[in-house]
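Each of the next two complexes has subunit A plus one more chain, namely subunit B in the first and subunit C in the second.
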Partner chain A sequence: MSAVTRLFLSSTRPTGALKFIRATFATQPGSKEHIESLIKDKKLVVFMKGTPDAPQCGFSNAVVQILRFHGVNEFDSYNVLQDENVRQGIKDYSNWPTIPQVYINGEFIGGTDIMIEMHKNGELIEELEKIGIRSDLLDNPDKQA
Partner chain B sequence: MPHTADEIKEKLQKALEASYLEVEDLSDGCGAKFQAIIVSKKFEGKPLLQRHRLVNSVLEEEMKSIHAFSQKTLTPEQWEKQQQQ
Partner chain C sequence: MSLGLKQLVTLGRVPCVCNLQVIRRLCSAGISQSSMEHEKPVESLIRKKLAEAFEPVHFEIINESYMHKVPKGSELHFRILVVSEKFENVPMIKRHRLINDALKEELSTHIHALAIVAKAPSQWKNQDVDIGKSPTCLGGFGI
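Our next item is the complex of A and B:
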């Protein structure tokens, strides 16, 4: 690792991108170990196309918007468009063919369809509760999109 | 090899003995996209993720060339309820 890289890694507050870089240096990108290091002990992780602030796919955006609607803005996210190894690796890991992919407590929850269904039937509020997040909808049940 | 909505519909019908099935072709510049509503007794007792995985396994071959696939999976009971709303 170069001195510049070491400086960069040590001086900035850990963000998703930083953890990603660290993990990438440590293990083979996209491998089972790598993916596990990204989701282990994490409450909520989303593998998507683009970033939460700039999604690059309607389906990925839908997941971000649903989470936002529930008041969830803090979560780890990884842009699979930045690394083909991760893009394929995450599909192999979960044995799920599409992006986005949502993980809660290291467990694969599903993609966009499932998030939409869970949002509609109240299951998402329950899942969030399990990880200690109180959905906005509990305080604002009539909230409109 | 591009797939048609009818081919997908047939495969799902056979494998899942669907009591109601709708497959829409929404393909655009991005690639092959399909949207499906599948009502089948085989979904009973299965949580959402398992239902979707079941459908994914039926369409394993097709999935390789499909860019996006949206699915609503319902049991006959859930479908009935929805129709009444």
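Our next item is the complex of A and C:
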């Protein structure tokens, strides 16, 4: 091994390892950075127990049904039962103690109670409009739950 | 409000929500409050903490644990109604946050699910508003 190679390895290896460690910690499941990466640049994300097609909690199911009632069938979701770190991390991120949690344009909107209330008072239609979704209720105002 | 033993026994046979509503009214009327503290420590604690934090003009609490796959008598799932002057002109999400903060310790230890209805007195006006019922459980134990 030439002196030049030795010098190259000794100077680059620790830096590379350090970078790897930093990258690993930055994206640690449930960390602030990880949560941000899950909601960033997404119109609508639901952190829930189970999946939209198979919710494993009545409250999570209620949020999915409200969205579907407004004609929102396609949205990003994250099953917190798959990762205990995210299950806790999302609570820390929003300072909100329960699941489900709804994010619109990266902003925390609320859980089931708030989604139900926003559905009742019409605010949900406005929130959906902000992300370019026209609620089905505007075209079918007589639609029954 | 006085109920005979026979009536209480009969009420005890009335299933789920009807029965809970009766119990709720009995409790809010101050009946068997002391025995409740021993039998329902978490519910008593929630009642106490929210009374201190919000001085509610109206308060209701329902233990909905019976709707879930948990041992009988569990105190894990609750639904509450808080009507307080402190919620006047406060956005809904902020009201929920205030309640979550007041129950922070319990939420990280005893309480698994908490459904909140928080109203200002101007939104309440002595109405007998039904605080609703939580959705059917779809999970297993502890989910």
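Criterion: the second predicted complex is superposed on the first by the 119 of 145 C-alpha atoms of A that agree within 3 Å, B and C clash if a C-alpha of one lies under 4 Å from a C-alpha of the other, contacts with A are read in each partner's own complex, and residues count from 1 in each chain.
Please note the rule applied: a contact is a pair of C-beta atoms (placed from the backbone, for glycine too) under 8 Å apart; a residue touches a chain by one contact, two chains touch by 3 or more.
Just so we're clear, the structure is a prediction, and the values are computed from it rather than from any experiment.
Model built by superposing both complexes on subunit A: subunit B and subunit C clash.
Of the two partner chains placed by superposition, A:17 touches none, neither subunit B nor subunit C. In the superposed model, A:137 makes contact with neither subunit B nor subunit C. Legend: residue contacts after superposition of the two complexes on their common chain; A:81 is shown touching subunit C, with no touch to subunit B.
In the overlay built on the shared chain, the residue A:125 is in contact with neither subunit B nor subunit C. Look at A:112: by the touch rule set out above, it reaches both subunit B and subunit C. Of the two partner chains placed by superposition, only subunit C is touched by A:61; subunit B is not. Annotation for subunit A, partner touching more residues between subunit B and subunit C: C. Residues 59, 95-98, 109-114, 117 of subunit A lie in contact with subunit B in one complex and with subunit C in the other. Of all residues in subunit C, only 92-93, 96-97, 100, 104, 107-108, 113-117, 134-140, 143 touch subunit A in the complex they form.
Across the complex, subunit B is touched by residues 59, 95-98, 108-114, 117-118, 123 of subunit A. By the touch criterion stated above, subunit B contacts subunit A in their complex at residues 48-49, 52-53, 56, 63-64, 68-72. The touching residues of subunit A, when paired with subunit C in their complex, are 49-50, 55-62, 81, 95-98, 109-114, 117.
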